[in-house]
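Consider the two complexes below, in which chain A is the common component and chain B and chain C are the respective partners.
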Partner chain A sequence: MLPAAGEPAAGDSWGMLACLCAVLWHLPAVPALNRTGDPGPGPSIQKTYDLTRYLEHQLRSLAGTYLNYLGPPFNEPDFNPPRLGAETLPRATVNLEVWRSLNDRLRLTQNYEAYSHLLCYLRGLNRQAATAELRRSLAHFCTSLQGLLGSIAGVMAALGYPLPQPLPGTEPTWTPGPAHSDFLQKMDDFWLLKELQTWLWRSAKDFNRLKKKMQPPAAAVTLHLEAHGF
Partner chain B sequence: MAAPVPWACCAVLAAAAAVVYAQRHGPQETPHVQYERLGSDVTLPCGTANWDAAVTWRVNGTDLAPDLLNGSQLVLRGLELGHSGVYACFHRDSWHLRHQVLLNVGLPPREPVLSCRSNTYPKGFYCSWHLPTPTYIPNTFNVTVLHGSKIMVCEKDPALKNRCHIRYMHLFSTVKYKVSISVSNALGHNATAITFDEFTIVKPDPPENVVARPVPSNPRRLEVTWQTPSTWPDPESFPLKFFLRYRPLILDQWQHVELSDGTAHTITDAYAGKEYIIQVAAKDNEIGTWSDWSVAAHATPWTEEPRHLTTEAQAPDHDQHHQLPGTPTHHEDL
Partner chain C sequence: MALFAVFQTTFLLALLPLRTYKSEVLSEPLPLTPESLKVSVNSTRQRLHLQWTVHSLAYHQELKMVFQIQISRFKTSNVIWVENYRTTVKRNRVLHWSWESKLPLECAAHFIRMRSMVDDARIPKPGFWSNWSSWEEADAQNSLGHDPLFVFPKDKLVEEGSNVTICYVSRIHQDNISCYLEGVQIYGERLDRSVSAFELKNVSFIRKKGTNVFCKVDQGGALGGIVLFVSKVLEEPKDFSCETQDLKTLTCTWDPGSDTGLSKQPSQSYTLFESFSGKKTLCKHRNWCNWQVAQDSQETYNFTLVAENYLRKRSVSILFNLTQRVHPMTPYNLFPKNVRATNATMTWKVHSIGNNSTLLCRLELLAEGKVIQQHNVSIKVNAPSEAPDVWRNMKMVSGHPTVSLFWKPLSKVHANGKILFYNVIVENLDKPSRLEVLSIPAPARSTELTLDQCSYQIHVTAHNNVGPSPASVIVISGDPGNEEVESGRVNGTEDGFSVSWKPQSGDATGYVVEWCDGPQDLPCVLQWKNLGPNTTSTVISSGAFRPGVRYNFRIYEISAKRMAHLLEKKAGYLEELAPSDNPQVVMSNLTSHSFTLSWKDYSTESQPGFIQGYHVYLKPKAGEQCPPAFEKTVLPEDSVCCKHTIDNPEQKTFVVENLQPESIYEFFVTPYTSVGEGPLDAFTKITTPDEYSHILIRIILPMIFCVLIVMIICYLKRQWLKEKCYPDIPDPYKSSVLSLIKSKENPHLTIMNVNDCVPDAIEVINKPEGSKIQFLGTRKSLTETEFTKPACIYLLPTEKNYSGPGPCICFENFTYNQAASDFASCGHFPVTPQAPPHQLGPLTSPENLLKALEQNYMNSLGEIPAGEANLNYVSQLASPTSGDKDSLPTNPPEPALCSEYKMQMAIPLGLASAPPSENSSLSSATLLGQGEHYR
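After this line comes the complex of A and B, so read on.
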């Protein structure tokens, strides 16, 4: 099922991860849950929230190191390129009203799918990273990200939502396109890190919202929110 | 000879009178507006008068000395702000007004100072601007906001003329915002721009209604309460965390406490009997920067005897001075 071990084909940036990602999708990420004496999803939502904060903090130093490795202009604070390419990256950006009105299942699903994709791409990044230290940092981050995925899966299971299965055609597929120049590859790496950072900020807000909804005095809180049109 | 004047002659006389009247009270009365640079020299001609015409110049009704004249033209050197005014030249003998100039002395604009901030996340953000030095003449500002390649509308603030507001359509964007401003006046033009990510400009307003109260029978405690800023639209989904600082008035060193939720805190290590100053700041839990410090609250912890509070500094109370912190009180029921 896995591609034959060998050198990655030139110009093949993330596409070559297709089969590997397919494997990841089907990994059992749901921890076994003991439902007797279940305190509800609250604690695991809190834990997921805490994990996003931890990861965001970890990413800050990792991204700084990686962007320096890419060199200018990627490590310049004013670098503001147009969002070209990186089409398959899951985007955190969402219309404000749509985001507000997401139901819990969709909110969780979007997070789960996003991090599954992002983890896949990050593993590809790791594969190509030049220095051992970078590879170590990336590997450590990937492990933490895997933990976040597991945590989200746990919340979904506790709430009775099924884990999203990859639909045919939505997986990062292998497209043998034209040779990806070195600069374009770096642009892809830049957007990957940017999107990852933004997703972690978004997830913190997503899990905040979920946390508030799960709290026992939620009824009073919800009424209060409705009164203000939120 | 009382011969009747033909009506044609009357018509001509009437027309002549009309022309003379027009010359005295006509378009010359609306002054020509002129802008000149501070420190420069300017020569004001007296309308269409010949160079050797005999004229008198006045500024705001006051005569000007003839030594400023070059023929019929007024020469002003080294313009100062005080030179601004209405300059009028009159035919010397008839006092017929020939020309008026409203002179405005000013400067071209320097590079404007522009900043943007979101105190209403996730609703939107505002940008405000000012000039580092005044121009003394009217300026027009033009602000454009770009999100990637998309132009966004910046709505003028109804009250403040150097501020406009942008509504967020999308959240969690990886694309930066670019806000550009250009300023121009009659003497020149300037511009600047800033670029930023959605998250970096988030800065709430300070917490409101900070109140500090002594706790009865507790000489080392102060109870502090506050409210989330009313401009923060959604504290449920976008909770704020708070930073409290306090010190007795007599010391310079602040104590700090960071609080991840709740809008109340009890200080338990206050020096007995000393008046405290307390302030609170707010920040979104995950993004942006801390607000400015709130308006300060003042309070003195509870003491056994009633204090006669004065508004002026009072002589040190020796009993209080020698009281060790934590000394048990005489009250039985605490």
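After this line comes the complex of A and C, so read on.
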């Protein structure tokens, strides 16, 4: 770890000793080596990433069941309807450049807001489900999604970002108006599941990116030592 | 001609009314055209609603008319429907007609017009059509948005097997639009440039969430769809039947068939309707329903079960007699009893079925799996057949009338099974109020009610599992009424008490005799006997009756209003006994000739017999005659005494007069009943005072007073008395002479303290010389040798318990070494004889002291002539000096107070005057031992 100092002169031996002492003195301040202190947001980001992957898997099974319950064409694999209605659903798709340019805080805030809304819609879906089996699956998924939301909130707190406050009266509801036909309702359900899937995929990417960003490279430690020691 | 003219006139006159009528009804031109035609669209039901009026009719005129209605689609020329609608028309009445379109109304504009014609039998001439009204357009398309593709009808609910027409409206080119039913493409008919229709025939139920139909533009991406809700056809409930197990609840069951529930429509509901009672109930379950059987003994029931959903209503009815629909519950607790070789008794229990029902039980005996015997047993199950015997007791508890209700358990014959509970219904007779119902579980036999001043009617019924008994009714008046009635006595016999009474009013419906079985026990166990209206006497018998107990009977008359009035009170003893105890007699007003006896606390009620009076016994002084009111009698112990009889049990005081003063009398009071008098207790003694004792008191009191006065005077003059009787003894310390001497002569002059005078002892010891030599030669300790005379004369206390340092007088011999003499002066330790020796041992430095003493002593031995008698003088006066106090650090005891006499006289001391040898620091034990000798 220490840089090679060449052949030291006789008078430099005291200097070397002083350096060593200084290095030892500053060693606890190196974050990468500080095993006893706060581990930082790294582990919680990893956990959130893992959770998104798990939810992706869970949603695949749930969506299959639910779309079968809606019937064709919603359960057809190539069914790709235009987004009629469902305008209030948070969109996961975003321009790649825009996505790349997002800072950590905005990235996390968007995730948090999206899942808050999606969770609320999903609970509305659960209330309308006719079969007990479906209600049970939806309730289980809602609990998992609630966990993801808490996990994102934990990451934001670890990074020192405030949680977005929902504006009063803008609580999203899943109560279609009288003009909302059953077919459009089914379309909304379809889009809810589709957006949820896309959001989970996007979140996995988001947290992967965040995870990599939060891992400091080993070279940085060397530089740090140099700066303090000499 | 004239005839013709008359005929013509008559003809014209005959035609006139008809003409008049015609002109009223069908005045030319005929104005009966439909007016104010309005068309409205109900898209959900796909119906067109028409409403119009016919204004031209005369007032109050009614006419049958026919309206021909034409409906065109897309354009007026495309007439799709013509219908004649016949109805009775009245002036200004709005007429209605509706038409259901197979094609959803949103898919096409519709045009409607109509015309009318009189179709009344009163008009012989066939009518003719009026002109057509103008076309009215019904267009639901106006409400559509700007989407490229719409599919209709939205969210339609149909039954399975129906034919449904679906249409779409596109705002784009139609050629590349394809429609799908559950993912399968369907082909329809193009109705218009932008509208196509598909007829779905015989639609079937697919899922609760509905059948999806959608159309899409093949390349454009536009998509529209509907959900068609196909409900299963509501079936008529099958196997509808009702039965009861207890004649209280009817359970009706049926087979509901398929569930018609969808996410658009809840499952079908079932309602049970009974036509005779007009009641109905909404069933909570799909296939069964409970119906509470009314208590009004309705026998025949006509039930209609109605199944209903949004689309259809189905019903099924049954008519039956309730008793024909009884399905008894299985008997239980079947046990064999008394099984013998050839017979056995079987016991079992059955669930009762209403009142007065008879159950037929079949008992089968099986052997090796085959029935070998059958027995039919008929069992009748009834409600209790008799009303419980109820009585009440009224009392006031904190200002409120409180009624205790008592009832007797029904006999087995009347109970008809186990009594489960008693119902008490309280009804206010004075003001209308809600009935208060109390249910008291058996085996309780009483309850308490707190009422107000109103009158109440109380019904009590006993219930077994079949039903209630007839009610027992009593009425309680808020006003307790006049309780003061005639009291009498009743004689007890072996059979009980024969109680009789005089009827008061003629309308009594019965009598009740009430008493307490154990009157001395609390609370009273109330007993009562109900008697018929014609009864005036009865014998009250009870196993609880005991001789010597007073029983109080109260006889009530029950009026026609079921209210009880107290008639008489009777008291009696089954058998009277002699009084068991005597009264506590208080004596008062004692004079030399009389005294008063009283026993007012004595209760005559609680005695084992009716108290008839009292006997007062008086034992006068021996030989003295009885006072005048007394008569001489002989006591059971053969002593003679005087007796006076009081024959009034309420007289509880007696004055004994004509007594002798200063005499001892003994008295004793005992009650007596018809059986005898009370137990013979001890007599109470009393002494009559002296006749002159009061005079003595008149003398003694002033004397006491005088003595007191003298004592007070003595107290006040105590100083004077002291000086006269015992003056103070002069104190030498305070003497004036003392100060005079002090000032002139010796400043160290002390005054002998009288208190220090201790009786001294003087001892003269003739000490032989030899012993001294022996002492010196052997140097034995003082304890081992004879006692040697001390140099000091000790002033020994005579008291054994003297503990302080003893004063001593040292006669100093100046031939002694001064240093030694200093030691010797107070070297000894005057101690009490009781002091333990070890306390003194270590107090000095014995070695040094011993040596010095020894040396001095040896010196003195050489100088002092031997053989002289020694005299030890023990002075009686030892003055306390403080000079030598610190000579030795002995503590305790403190150094003795010493008086030193120097050069008093030349006394040849010899050995006797020597200091206490080498053992001057000897342990006090030694000294103590010697001390004993001094005494």
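Just so it is clear, the second predicted complex is superposed on the first by the 170 of 230 C-alpha atoms of A that agree within 3 Å, B and C clash if a C-alpha of one lies under 4 Å from a C-alpha of the other, contacts with A are read in each partner's own complex, and residues count from 1 in each chain.
Everything below uses one rule, namely that a residue touches a chain if its C-beta (ideal position, glycine included) is under 8 Å from a C-beta of that chain, and two chains touch if they have at least 3 such contacts.
Given the structure is predicted, the values throughout are model-derived calculations rather than measurements.
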| item | value |
| --- | --- |
| Chain B versus chain C as contact partner of A:K186, first or second or both or neither | second |
| Which superposed partner A:S61 touches (first chain B, second chain C, both, neither) | neither |
| Partner chain(s) touched by A:F74 [first = chain B, second = chain C, both, neither] | second |
| Comparison of chain B and chain C by chain A residues contacted | B |
| Chain B versus chain C as contact partner of A:T143, first or second or both or neither | neither |
| Which superposed partner A:P82 touches (first chain B, second chain C, both, neither) | both |
| Which of chain B and chain C A:L96 touches, first, second, both or neither | first |
| Common interface residues of chain A - those touching chain B in one complex and chain C in the other | 82 |
| Touching residues (chain side chain C, partner chain A) in the complex | 147, 151, 154-155, 180, 182-183, 206-212, 214, 216, 221-227, 229, 263-264 |
| Chain A residues within the chain C interface of the complex | 69-74, 76, 81-82, 84, 128, 130, 181-183, 186-187 |
| Complex contacts: residues of chain A adjacent to chain B | 53, 56, 78, 80, 82-83, 91-96, 99-100, 191, 194-195, 198-199, 201-202, 204-205, 208-209, 212, 221, 224-225, 230 |
| List of chain B residues in touch with chain A within their complex | 122, 148-149, 168-176, 178, 195, 199, 234, 236-239, 285-287 |
